[in-house]
Amino acid sequence: MTKANPGNFFEDFSLGQKIAHATPRTVTEGDVSLYIALTGSRFAMQSADSFAIDTGFPAAPVDDFLVFNMVFGKSVPDISLNAIANLGYAECRFLVPVFPGDTLCASSEVIGLRQLSNGKAGVVYVRTAGVNQTGDTVLEFVRWVMVPKRNMDAPAPETQIPDLPERVAPDQLAQGLPPIDAKAYDVALSGAPHLWGDFEPGEKIDHVDGMTIEEAEHQSATRLYQNTAKVHFNAHAQKDSRFGRRLVYGGHVISLARALSFNGLANAFHIAALNSGTHAAPCFAGDTVYAWSEILEASEIPGRTDAGALRIRTLATKDLPCADFPRKTAEDGYAEGVLLELDYWAVLPRV
Amino acid sequence: MTKANPGNFFEDFSLGQKIAHATPRTVTEGDVSLYIALTGSRFAMQSADSFAIDTGFPAAPVDDFLVFNMVFGKSVPDISLNAIANLGYAECRFLVPVFPGDTLCASSEVIGLRQLSNGKAGVVYVRTAGVNQTGDTVLEFVRWVMVPKRNMDAPAPETQIPDLPERVAPDQLAQGLPPIDAKAYDVALSGAPHLWGDFEPGEKIDHVDGMTIEEAEHQSATRLYQNTAKVHFNAHAQKDSRFGRRLVYGGHVISLARALSFNGLANAFHIAALNSGTHAAPCFAGDTVYAWSEILEASEIPGRTDAGALRIRTLATKDLPCADFPRKTAEDGYAEGVLLELDYWAVLPRV
Amino acid sequence: MTKANPGNFFEDFSLGQKIAHATPRTVTEGDVSLYIALTGSRFAMQSADSFAIDTGFPAAPVDDFLVFNMVFGKSVPDISLNAIANLGYAECRFLVPVFPGDTLCASSEVIGLRQLSNGKAGVVYVRTAGVNQTGDTVLEFVRWVMVPKRNMDAPAPETQIPDLPERVAPDQLAQGLPPIDAKAYDVALSGAPHLWGDFEPGEKIDHVDGMTIEEAEHQSATRLYQNTAKVHFNAHAQKDSRFGRRLVYGGHVISLARALSFNGLANAFHIAALNSGTHAAPCFAGDTVYAWSEILEASEIPGRTDAGALRIRTLATKDLPCADFPRKTAEDGYAEGVLLELDYWAVLPRV
């Protein structure tokens, strides 16, 4: 009986099961620097203590997707080490800002199970939380993954599919965000004049720039998150896989899309919630990632006059500039070259 | 009308125009580690707090070219996003040491304009400054770039070419450098016995070592500086460019040349000024960078007996060892393989 | 006479000679982040301040092999810049934990010399120490390297081969390790339930995972350690070498093997000593590193009931999964694909 972790299979999960994930992580200024070096992110709030302090934070907060990727990474050895596919995200809320020096622990609860009709695998729904050293939940999200069975004869669990909202409601957004001093928010330093009130639903923005991914980059990012999924790191084993090569971690594509979106959404300084996300196609080293966004909704945040929320759909593509806003085909499949569709709430200053 | 930044074209610049650049940046220990990891720099003063404190600093100062690259990077979206060529640098002075925790803001002033005779582009001269959180200018430099016109019919501005000195005068050097305790300066730890008085004008030094650049490395360095120039990151778009591939940011070549120069100039612990610089040829991933230096002048620094200045010309080459000190051809062009010529003042302890 | 460092040749070393190595180094949180990003290490003690504090440390200690590689790197310009081969390690002891903010200086003493019978080179044995800013020796190790002679006519020194133990004795282990509160040691967070008492001599563990190395990764790691050995960085010069390409620094392979060993040895939170190590074959970019371990001994640590020591032999391979525990051939040579054999003492909590 080996002491190495074989990961969980479908029959290892049970409804209501709670799993504490290994390897708590102190997030540091080193992680912040690496995140900038690996993504090119330029949001002023996460880049400069002085800018964040002037606006109302005690220091520059850690990028929301760096937090997301770290918490997600912790969950991999228990939830998705053997996963066949990451099927979706929902109800992801960023609840409390994280600062360098905070230590994050992650845990998950199984909230849904559904065995496939072929009896060989099933879908596991988990709600994963990241908690800081003072016990605050900083991030919460639901994801579901397809996991094979180890023993094909294991009985199917009762099917339970959680009821997930299409989007996080505006009154659930930005509850941990400190009051923003919008007068002190300097749009010369933030990089663009367009605040919350300057965006209209239906508006589309081509983020223009492209970023080519190298193997060393996505591997370093994914290791930084202590994500252990084998498909990202093992070229030798991947030679015999469906794609014949290493896959880029989807969270790295999310981070790149977010970093590229600065060019057009520079004042969307905080991701408050991720409503849903789809990895439409695999991404490989050598691919150049482009992105474009559409404003889906503009919503006030109940109780706040300092900031408002935009519901944004950001698409990332590979080797495909986005001047024509590629998304779906006539048959409603994703267009060739689309990598990612992300539906999220971002917060912008409001004057 | 898109909200993405299209960058400025020649007719967007006017003499005396002042531009505050986006994304202030808190420089951290994470940046310092990454700079060492990406360049291999070994100067003791920037590597060890204890060494710096013994010598007279409050802590290890941030590498001068890390500061330069960060301030430069901020200026790119406004000054050189559309640039056809970076033509030169002058009057670059490192005025105040930067320490981890400092936040840098950058701004530029247009100090010269000259439309090309073909009417399609022009040369823009800017003086760029980096300012820390207490308002001190830590770095100032002039650079000039060739920028295309958006509208060929836009009228030419009055030609104004700034008067730039061939070199920064010695009495302008090291004004922000704390007094150095040259007795406490440990040449075993610094890596070489040769102090200011040991160098003679005309002396040439082959720095011997070579460093091969990978795509992931120059991309990570350039993103760390939040430099957005597309030519460094977008392999997909660069396929159709003149070179067919990504270009290495010239500032990364400068950093590598400086790091290589440790082997021969280990006690040149501070760059006080950059007199001029030329990128003689493009650099690509896969190139191996070598360097050599010639001492051009040795100057006292008025008012100081603790340290002296050497004016140094450092050449960087690609795939060309420097035992024969390659520089110019008989026709006064740069020799094949020369990447960079840098003329700068470095400060060394004086006993 | 050049000021660049030509490195030492065999006849430059003398018995008892002491060498202070250049470039002291303040270890920072940036280095810790980079180490995780480059190796994927997941040991909870080095990852989270809270976990380390609960267990008895003042903060998360720096990974032992990060400390080893930094101290080793300092010794390269003086000891092994011209080395033909790194022949072995012995008596390596990790004596005092290192924390971010500590500054490390390295020095070596020549403890043995043996000229080869062909008169062209010799073996140099050195004992290298890393000392922190308060004067504590944090790490000590012996290594021996084959170094060519500059002048073949230089007389041979008297042969002196140091007496080196096969293994560090258990009463010399973990002297600087603070008392561990094994009750507070959370095995859900550490990643595995198996503590010191759960391992038996003879037990073999396949660490399962594989990690492919990229040029940018091993170069960045090796530069982070300010290791200057040319074979790792200079593709241009290596083209004409025996292997025709850059070699991965052996210390990076050690770090990867250690990081991979988490999967099976998650509670081996401290490396107390390295008894011996052999680099069985060269490693190149593109190789996928796998690892397996065998428990050689389980020993109490005299005077301690909180923690025990396991003597472990870890093998790293390239492009060779380790389910069959590859090590030697019938002729007692290393099997094809074996990169590294490391014999060390690790410390685990004991309940």
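Chains here go by letter, A, B and C, matching the order in which they are written, and residues are numbered from 1 within each.
As a convention for this text, a contact is a pair of C-beta atoms (placed from the backbone, for glycine too) under 8 Å apart; a residue touches a chain by one contact, two chains touch by 3 or more.
Everything quoted here is computed from the prediction, not taken from an experiment.
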Same vs different contact residues, chain A with chain B, by half of numbers used: different
Superposing rotation of chain B relative to chain C, computed on C-alpha atoms, to nearest 5°: 120
Gap in Å, rounded to a whole number, between the CA centres of chain B and chain A: 36
Chain B residues counted as touching two or more neighbouring chains: 28-31, 33-34, 214-217, 220
Footprint of chain A on chain B - complex, ascending: 2-6, 20, 22-26, 28-31, 33-34, 77, 100-101, 103, 105, 133, 214-217, 219-221, 223-224, 226, 228, 230, 233-237, 246
Contacting residues of chain C [partner chain A, same complex]: 28-34, 36-40, 42-44, 47-51, 60, 188-192, 194, 198, 205-212, 214-217, 220, 263-266, 286, 288, 319, 321
